[in-house]
Amino acid sequence: MKVPLSLKIAIGIIASLLVFAFILPNFAPYDPRRWATVPGDEPPSLTYPFGTTTVGQDLFWLSSYALRNSIILGILTASISVTIAFLLGSFAGFVRGSVSRNALTLLIDSFCLIPGLPVLIVLAYSWRKFLSPVLIALILSIFGWAWPSRSVRSLILSLRERSFTYTSLLSGFGMMRIFFYEYLPYIIRWLAVSFLGLLNWAIGMETTIAVFGLSTLEEATIGSIIYWALQYQSILRGVWWWVTFPILLLAILIVTLYELSKIISEFTGVK
Amino acid sequence: MSEFLLEAKNIAKFFGYGFLGRTKFPAVDNVSLTMEDFPKILTIAGESGCGKTTLARVLLGFIKPDRGIVLYKGRNVHKLKRKEKKFFRKEVQAIFQDPYETFNPLRRVDAYLFGTAKYMFGANSKEASTRVEEVLEFVGLSIKEVMGKKPKEFSGGQLQRISIARALLAEPRLIIADEPVSMIDVSLRMNILNMFKDLRERGVSFIYITHDLATAYYISDEIAIMYRGMIVEVGPASEVLLNQYHPYTKALVRSLPEPGKKDEWLKEKVNPPGIEIKEFLVPGCKYADICPNSSDKCRKERPPLFKVGNVKVACWIYQGQFQRP
Amino acid sequence: MKTVLKCSNVKGGYKLSEVYIDAVSNVSLELRTNEIFGIAGESGCGKSTFIKTIYGYIEPPLILKDGSIELYARDGKTFNISSLSLNNLRKNVWWKYISYIPQNAMNVLNPTMRIRDHFAEIYKEHMGLKKRDSYAKAQEYIESFGLPNEVLSAFPHQLSGGMRQRVVIALSLLFEPDVVLADEPTSALDVINQRVSLVFLRNAQRKLKNTIVVVSHDMGVQSVLTDRMGIMYAGKIVEVGETETIFENPLHPYTKMLIKSLPRLGDKTRRMGAKGQPPDLRDPPPGCRFHPRCPYSKPICRKEEPTFLEVEQDHYVSCWLME
Amino acid sequence: MGAISKRYKVVIHIASRFLFFILTVWVGLTLAFLVSRASPVDPSTILISRLMSMGGYLRPEEILALKQQILELYGLDKPVYMQYLSFIKGVLTGNLGPSFSFFPTPVIELIHKSMVWTILLLGFSTILSWVIGNVVGVLAAVFSRSKISKALEWISMSLYPVPYVIFALVLFLFFSLVIPLAGGVGGAGMAMQTLSLTYIIEVIRRLSVPSLSIIALSSASWFLSMKALALSVKKEDFVNYAIIRGLSQKTVTKYVMRNSLLPQITSLAFSLVYLFNGALVTEYIFAYPGLGRLLYNAIVGSDYNLMLGILSYSIIGVASAAFILDLIYPLIDPRIRYGG
């Protein structure tokens, strides 16, 4: 089957971003986080492709390092949230007894209606001394699981009504076997789309929290770069590149991940 | 061991609508059925929305009834232990309406065939494939045609035959067929209906669920007419369909378009059933609003099944003495 | 018996990305005034596509490759439907001279609009009437059809399936069009409601003396409702004639098989179903398209297409057995 | 059928939605309470360190006494369930105690002042983006083959996934460096005054850029969801029947729009959560005097109580907005209003 062009472009961009984020930092001539390693406020030039920050960090190496942390954080959040959503959502889809199913559904729905940002900020604030990408991922997962579990629950409920579920029961397959043989292809598609969606959400949320001053202390993430840029009034002082490059990197990453998830859902669209 | 193969006593299943489903309406309302131990084809006929499919799922043990019980060879179908469940699955199978929904569009069709064979007889792959070949041959297909293909690579008729083959693999005593031919081309229906007749000769009983009275007459020994979740008339097929005791059965048979009935079909005035939900909630006989000979008694009290010859009719006009209106 | 609509060599089908489905291939047909003409055939034989092309409702992927459709209206005007643009048809022909009852008519009313507004819209569009007097006109029109007048103020979901069906039929006869095309007018209804709606349609036709085309796979409905009928198979009309003669003396092998495989109340004799299944219209078999399933197929049937002959008075068939 | 079942169905709808509203608020407040108690540092030590940093040396026993006082003030010395109950009572009655950074002004007052601004911004941009996104979405679906609708789709696809913070920064950069706006950006230094014309113009000017940032993103998401929905409605039988009946393109578009807008109202309730989060961060970046700005000040001033207040009232605010939207739905959808 012909791989659509848009898929090739999306994978190309993501691959280059991953190279930039995971391979490049190993060649950094110095520790990008340390201050005053390069002259400050240098506009983008050949020696400093992304320019330098006011506190003397080389933005090119710093952003590659930060992108790596942001992606790791995103992947961590996405995997924790998707796992919780998968367990909780499919349990809500499978549970007998209408009372327990309604209760679980209402809980999931109410969680989707709670504004995540203020809760995460209060939580991040109280743990701000220990904030690390891993901890931020855990904090974000408190809200990450809500939306995907809603969609997997309705997916499973609709699958359970399909006639082939009854055919499988009649053929002697137990619920477990039905889940893994009959439902898995549908669930995998949900998994891929939700994971990419959560990855975007997590990276966006981490940047939002960081901008509020709750970003990691020693580890750098895209959010923390933007936070320090704002703290040092970089925009008003005309040091525009300090904010522009991290934003650009993040925007490209997120838009391409979204394209990828769009293509996946169309490509594996069933009936 | 009771002398009945399958016995359903006063089955009722409510579906809620309204606040947390508080206002209930009985999709299946106090239905009793018996399948004796000798092979026979019982038809459950009624219009779409009269509760036939819900009743089928209750009999198959997929849905628990709110009232009443279903016994298979004396054992309660909804309270079976593991081993008994396997026995029940082996003896009672089902065929569904839409062939393309019966099989998972993403999986190969033969997975179901071999899965059933292995589960039912613990057969190793060689024995399983001989059994599969046997049943496929019976339904007029060869294993070559079926192996490795997904549902969308077959026509509706072929898929339905594979579904029948899958059911036969379990060597069932009873097959519940829910509208098995309504999605099949008219000219191909006969092949499948003839297959049911041949299977009955070989000892398999059927519960044939349909809205099409002509096919019901063609294959069934006994027929039960259902209206809004209630059985209004049950008895031998030719007795019920040709003499029609219950007013609803009369209206059904008279409205059936058939070659040669043109003048009669165009003349007689019949008033149509009303709005479904409202009629389910009526305390008395649910056909009272439309029935030409309905009375106050019909509206208030639910008529029991009166015995008239070897037909049972739920209509007050048959109370006490036997008399044909 | 004047001709009201003439289709000659109509070729139409669905143009998908790499494949063309030859749904209507080289069909000619004449409809007469004051008759109910039935088009019978199994699913996928092209009957719905055919009446869509007659109506002129050609939307991609459906295309009309060749052939002409002429409408001779009772007021003397003639329209070449196949050559008129969609917009032209919409303004001058549709609903005034020819109307359409779509498949699954129970669910075609707009759920967020009352019934009277459905009438008001058509009156405004085709007659330029204002809302108030179109309500009055609709009121008296509904009563003339014997439908209860509180139907007008109800929303579609408040009416039963049968009632919605009759409203759609009433809508299609609003401007007393010369031809009404009805696509499977009853398949979703229960038998009693189906009878009430079809008798409702027939009485209207007898009153207006126009032409109604009833597409239905149900041979029983064809036998009790239609005056003349045509049998379609794999995109071709294989037999046309008076309904009684077709049921008493079917000539084409497919018609014979179709009628023979109909179960009848009171008759338990064993009937044989057809062999094989309808051909794939993406690459239809050469010659007569029924030859792979025909018990009497001769070598010529596999090579050439039979011509459409008038074998006896007003009874046409296209089969090599007859030539 | 008639009147009884009509009123009955509407009452059911409202009752079940109200129950869900109560549940959401309860779950939210419980979560807020757990979050506040789950912190490694208890609030009193935060306050003490704040006071200490303002100079003045306190002897150890004075610190202990102060700590005890604060614990009592905020009821932290009682058993947990008591704290939980008093927390809920406090939120519902509106007195959460004084804020740390703006000591003694009660938290509720600060929140009330900023909430008005947030509601203004959020309400204005939500309605505007909902209307723009849906109307343009329907037109793009009806004329789906035109180039404009393809271009619009492409733009929305690239806008939709971008987080609010990123887009707000992009706009901030644009309006500071590329086309500097007179009087700077956002609402810094805005005080609440009486409603005079100049004041209103000032509010609109302050409102413009932050709301532009929200409207751009959320109308893109409405556009995409509406276009997909309208395309599926376009294939429905009743639209097809409208075309067959020879109705004009305008009427057919009206059919599609009416039947696609209904489901978009229910999804509006759930999208409020994203809009609210977006609004908070956009307010901060544009120094708009809403809850977002207040939240940032609370963080900078490590004003724990204020943060908790903002959190609780955000939860209640979003849940009640969603509940109000749920009430509107039965009034518009005839299927619920005129029960079958």
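Here the chain labels run A, B, C and D in written order, and each chain numbers its own residues starting at 1.
Please note the rule applied: a residue touches a chain if its C-beta (ideal position, glycine included) is under 8 Å from a C-beta of that chain, and two chains touch if they have at least 3 such contacts.
All values reported here derive from a predicted model rather than from experimental measurement.
Between the interfaces A-B and B-C, more contacting C-beta pairs are found at B-C. When every chain is reduced to the mean of its CA atoms, the largest separation from chain A belongs to C.
Between the Cα centres of chain A and chain B there is a gap of 51 Å. Rounded to whole angstrom units, the spacing between the C-alpha centres of chain A and chain C is 55.
Chain B and chain C, compared by their mean Cα positions, are separated by 33 Å.
Residue positions of chain D with contacts to 2 or more other chains are 1, 340.
Residues of chain B found to touch two or more other chains are 20, 275.
In chain C, 158 are the positions where the chain touches two or more neighbouring chains simultaneously.
Only residues 20, 23-24, 27-28, 31-32, 35-36, 38-41, 157-158, 160-166, 169-170, 172-173, 176-177, 269-270, 272-273, 276-277, 280-281, 284-285, 295-296, 299-300, 302, 304, 307-308, 310-311, 314-315, 318-319, 322 of chain D touch chain A when the two sit together in their complex.
Every residue of chain D that touches chain C in the complex is listed here, in rising order: 1, 237-238, 240-248, 251, 255, 258-259, 262, 333-335, 338, 340.
By the touch criterion stated above, chain C contacts chain B in their complex at residues 42-43, 158-160, 162, 188, 190-196, 198-199, 202, 217-221, 223-225, 247, 257-259, 261-266, 268, 270-274, 277-278. Those residues of chain B that touch chain C in the shared complex are 47-48, 155, 157-158, 185-194, 197, 211, 213-215, 217-218, 238, 241-242, 251-253, 255-262, 265-266, 270-276. Here chain A touches chain B in the complex through residues 102, 162-164, 166-173, 181-182, 185-186, 270-271, going by the rule given at the top.
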